[in-house]
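Two complexes, one shared chain (chain A), two partners (chain B, chain C).
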Partner chain A sequence: MTKVASRLPDILKRHDAAILKEWVNEQLSVSRPEAMKESALREHAQRFFGLFRDAVQSGELGDVSGPAWAAVREMLGELSQSCTTLGYTPTETATFVLSLKQPLFTRLRQEVGRDAEALADETWAVTGLLDQLGLYTTEVFLKGREDLIRRQQQDMMELSTPVVQLWDNVLALPLIGTLDSARTQIVMENLLHKIVETGAAIAIIDITGVPTVDTLVAQHLLKTVAAARLMGADCIISGIRPQIAQTIVHLGVELANVVTKATLADAFQIALQKTGASIGKATAR
Partner chain B sequence: MDRIPILRMSEFLLVTIQVDMHDRLAMALQEDLTDQIVRHRSHGVLIDISTLEVVDSFIGRMIGNIAGMSRILDAETVVVGMRPAVAITLVELGLSLPGVRTALDVDKGMQLLRTSLHGTSNGAS
Partner chain C sequence: MATAVSAEEMRPLGSSEDVVVVRQVVRALAVKLGFSLVDQTKMVTAASELARNTVDYGGGGTVRLQTITDGKRIGLRLTFEDKGPGIEDLALALKDGYTSGGGLGLGLGGAKRLSNEFEIVSRPGEGTRVSIARWR
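Entry: the complex of A and B
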């Protein structure tokens, strides 16, 4: 787009208070009451409108990625980030900018009403401008969301693979959530390092928290078991639910070389037996 | 060409690999070890690979082969001290070394050998 000899800067300068007021009213009428507090909205609107007006004075109406619009972009970035954390919908966030169209169009019609061609040009310029700003807002909003998701994924990855020491030489690895190759890698590394650290002879892999076991998950489990065995530790797989036992057999997964137990308690007992320890109730005798 | 030393400890043979394995070294070890097992009539072999940092599929297979040969010569073989990274690599290569006994360190490997030969972990040697 070329620079347009637009009358928009002039109009904004002369009617800024009136347009701002109409805009805020417009927003208040469309937004749901719990979306944004009126005072906050007013404040945001005032800040944005001030920056917008200054940017428009520069005459760069075609392209909002230029330096003249840096302040506006920054403000919108902050706004959409706070919208992300407050849980607004993308529509609500974009509407903040797009609702400015109506009051501006009204003004334009009043000012250049008689010249239809000029009015169309002006309207087109303003639409293009506000659309770009609206899209920018949505983009930042989505990016905020994506960052949040990525961070949560990483947290989950770190949180969900603990290796706990149950007894001398006995480790437990409670697995929660689906096992994909990336997680298996982390789980395997954690387990093997812990085996070196504690000198454990037995590792119990508890899959109570694994929702489904398909061939891929089973293969990952077997890999972990094989790696632990190479380090000199025996593995017991525990926490196999009835449905999972059925799926494993139906899928034809070979778990014959691995000791499997229904519950962690059973596995622990076997582990104690193998390490030569015993445990019982004090009053049993 | 340097060779990997094979130490005799009463009825066991102790092999500690302290250099990076390359293919000819592995072949030489295979020959030496089988010779020694027959000569000393050893009943247990302990291979310590705790300093081995890099393995490829060939070395992995050699370790498996050496263990298999020792077993045919009636010597129980235990591979000890495998590093986590090496274990993961071998598994990813599809070499989970079935039939090879493993232990975390030399001490535990020795115990395992004694148990399997004498039935007790502190049996006299």
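Entry: the complex of A and C
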């Protein structure tokens, strides 16, 4: 970017205290009471203004992605993130930066007001500069949100697919939530791996925590059952609630080849019978 | 008596995430209208099938959710609309076990059996509109 011969560095240097005061007062007069606290606002404003003034001295006014603006960007990034945790909207954070326009424009008009062409140029430069910084706060905010969403998605992937061993040769897979294809893939792989690992003869797939069983979910279940069977393990599907049972019948999904049970406890009993184990109350002799 | 619409909202259907959202919205609406647990589940499941068809086969579209009344009863009507390739042979598409994709081929017929009213209009090259309703 080319260096702009602007009078802004000079103006900022000479009037910094006055501009800062006007800017803070301006913000205090328009901000809603539940927004940033006055003390915090003053502190942020002072810090930002100091860094802004120093960065402007570099003369690099066309592009805020350069090294001269690194400190300003860092400060805005921090501000934007702390604002997110404190519950400010991205608009409020961006407005913090954009509201600096008014005091700067006022100063510019006083200083170069006689030269209309120069005033227009200076105003344009300041607008471009502050717009970039304002947009930057929004960008940081969005990036923070995206990171959060990605982290949560990964958490859910991990959380939702535990395969637990209930007994010798008996595994259970309690499914929870939506069975979209990405997750179902992981579920299926986990179960098959665990079958190899433990040499289990029976796997119980519990769908108590699956709110909707439609044809896609049914298809995923049937495929998992078929794959497990190829590896020598029988599957029992448990946790079929009355409303789910009725829905499956209406859908016309054929589950006749799969052993199904209403509860995990019932399925466990069947599994024990099949593996030749039994559990009973200890009887006193 | 003619059916009157008392509330209406539109939802976009562009991805499988939207299908999840539609399921949740339909469930919330069915609960609000006082549907029994079985009827809620039927409506949510039918919505899931049709929403996925809209996304997978129709290339995305919209769903309109309407609270309807005929004076005596209240109900829920869902209208799925896309501007996709349309369906050549409706009778075949409704036949159980037939699929042009990789599914079980039960979605469309299943949705019909899960609802009280079912209407489908499709023109090849223009798109498809499926409407289902369930009364409380």
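In the analysis below, the second predicted complex is superposed on the first by the 260 of 285 C-alpha atoms of A that agree within 3 Å, B and C clash if a C-alpha of one lies under 4 Å from a C-alpha of the other, contacts with A are read in each partner's own complex, and residues count from 1 in each chain.
Here is the rule we go by: a residue touches a chain if its C-beta (ideal position, glycine included) is under 8 Å from a C-beta of that chain, and two chains touch if they have at least 3 such contacts.
Here the structure is a predicted model, which is why all the values come from computation and not from measurement.
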So in the superposed three-chain picture, is A:129 touching just chain B, just chain C, both, or none of them (first/second/both/neither)? neither
With both complexes overlaid on chain A, does A:178 touch chain B (first), chain C (second), both or neither? second
A:199 contacts which: chain B (first), chain C (second), both, neither? first
Quick one: classify A:207 as touching chain B (first), chain C (second), both or neither. neither
Let me test your reading of the model: by the given contact rule, A:250 touches which partner, first (chain B), second (chain C), both or neither? second
Does the superposition put A:218 against chain B (first), chain C (second), both, or neither? second
In the overlay, answer first, second, both or neither for which of chain B and chain C A:19 touches. neither
For A:232 in the superposed arrangement: first (chain B), second (chain C), both or neither? first
Quick one: is A:163 in contact with chain B, with chain C, with both, or with neither? Answer first, second, both or neither. neither
Contacts from chain C onto chain A in the complex sit at residues 16, 20, 23, 27, 37-38, 40-42, 44-45, 48-49, 52, 96, 103-104, 106-107, 109-110, 113-114
Can you list the chain A residues touching chain C in their complex? 178, 180-181, 211-216, 218-219, 242-244, 246-247, 250-253
Under the definition above, what is the set of chain B residues touching chain A in their complex? 79-80, 82-84, 86-88, 90-92, 96-98, 102-105, 108-109
Spell out the part of chain A that touches chain B in their complex, as residue ranges. 185, 188-189, 192-193, 195-196, 199-201, 223, 226-233, 257
